[in-house]
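To keep things simple, chains are lettered A, B, C, D and E as they appear, and every chain counts its residues starting from 1.
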């Protein structure tokens, strides 16, 4: 799993039917010092994450499992909202 | 999932039989400021995307799922047409 | 499998129900000279690893097998605590 | 999928048994302006591509699917010969 | 499958019970010119490979099959010892 920050939302009415009902969140990957790394991705929210929230996201098969839609074209999903990081 | 922009089409009559009937769209990956990042890829269109449209695309297994052709040599597919991005 | 070092923990009360009860450990990938490589990831601990411990971690399907939760959105798991590396 | 140009062939009589019968083509990745990008790769030809031809190639699982050899050590395959690119 | 060289061993008494009895070998991936590529990984030995030996290793599901432990958290396994490579 990876650390990220929700930085926006994406609305797309014309989309794959299996994406209907999903919330598409722009998610900026972060390192453990909470600095941005690489480009933002679009992840399906499965836990009610809001803008600016620190989140845990997964990619690949785990993301389809998280969305409970293993036959959908999802490749990233938010699976947790971070309360605290201790190092 | 990732943000992209359709910048062209590719026609290839001699191709893998499992690609027959697919629309091959040249897709330029974008960051959330809609600036180009990296090289354009060829993605199978599954939602009727047109040239210049902002799209959502997936890679890997999710792209074969999107094309409903899990046994085809597809590794990128357009799964949504962006109406709006809010940050 | 890969070498890593536990560098912290992540607490997330609001998370996918299938992650409830899992310990989320910030894990820094290491090369065989025990130097950090790439960014830390979040791995589910399955063997009681503590902060600063050298560990073995797996990714993808193997991580869901390690957590004995093949239907959970896990994509990395700690499966061993290193006693000794000989080269 | 990606754009490329066939720039040569590779012959390896003694190779992994699962590669026997495959045509190994040196393929130069191209950007959409047909300029070379990065290093040439070795791709299995599955559509009869010839030297100098513009091709579409895939990597990873999709390439093993293209070669109809999902249990072979193939990680790149040519799946189409480009007739036309329109931007 | 990939080429590699055994460069060390890892001992971990506290580990997933399904890894008990496996030999964990530090394996350096090699290209066809036997030059190191990327970072060493930990692979389960299934053929009695020794330090410095040139080996063939597999990743993912194939590695669990090789170890005859499909329900174990293994994601890399040595499946052959190279006698000769000729180009």
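In this section, contacts are C-beta pairs under 8 Å (C-beta built on N, C-alpha and C of every residue); 3 or more make two chains touch, one makes a residue touch a chain.
Since the structure is predicted, the reported quantities are computational estimates derived from the model, not experimental observations.
Listed here as common contacts of chain B and chain D: no chain. Set against the Cα centre of chain E, the chain with the most distant centre is B. Interface repeat of A-B: among D-E or B-D, the matching pair is B-D, sharing over half of the residue-numbered contact pairs. Computed from the mean C-alpha positions, the centre of chain B lies at a distance of 36 Å from the centre of chain E. Inter-chain centre distance (chain A to chain E, centres taken as mean C-alpha positions): 33 Å. Separation between the centroids of chain A and chain C, computed from CA atoms only, is 20 Å. Ring order of the chains (start at chain B, first neighbour chain D): B, D, E, C, A. By the touch rule above, chain B contacts chain A in their complex via residues 1-3, 31-32, 37, 46-48, 56, 58-63, 65-66, 77, 79-87.
Partner chain A is touched in their complex by these residues of chain C: 7-16, 19, 24, 26, 28, 39-44, 60-61, 64, 71-76.
Within the complex formed with chain E, the chain D residues making contact are 12, 14, 16, 71, 73. Every residue of chain E that touches chain D in the complex is listed here, in rising order: 1-2, 62, 86-87.
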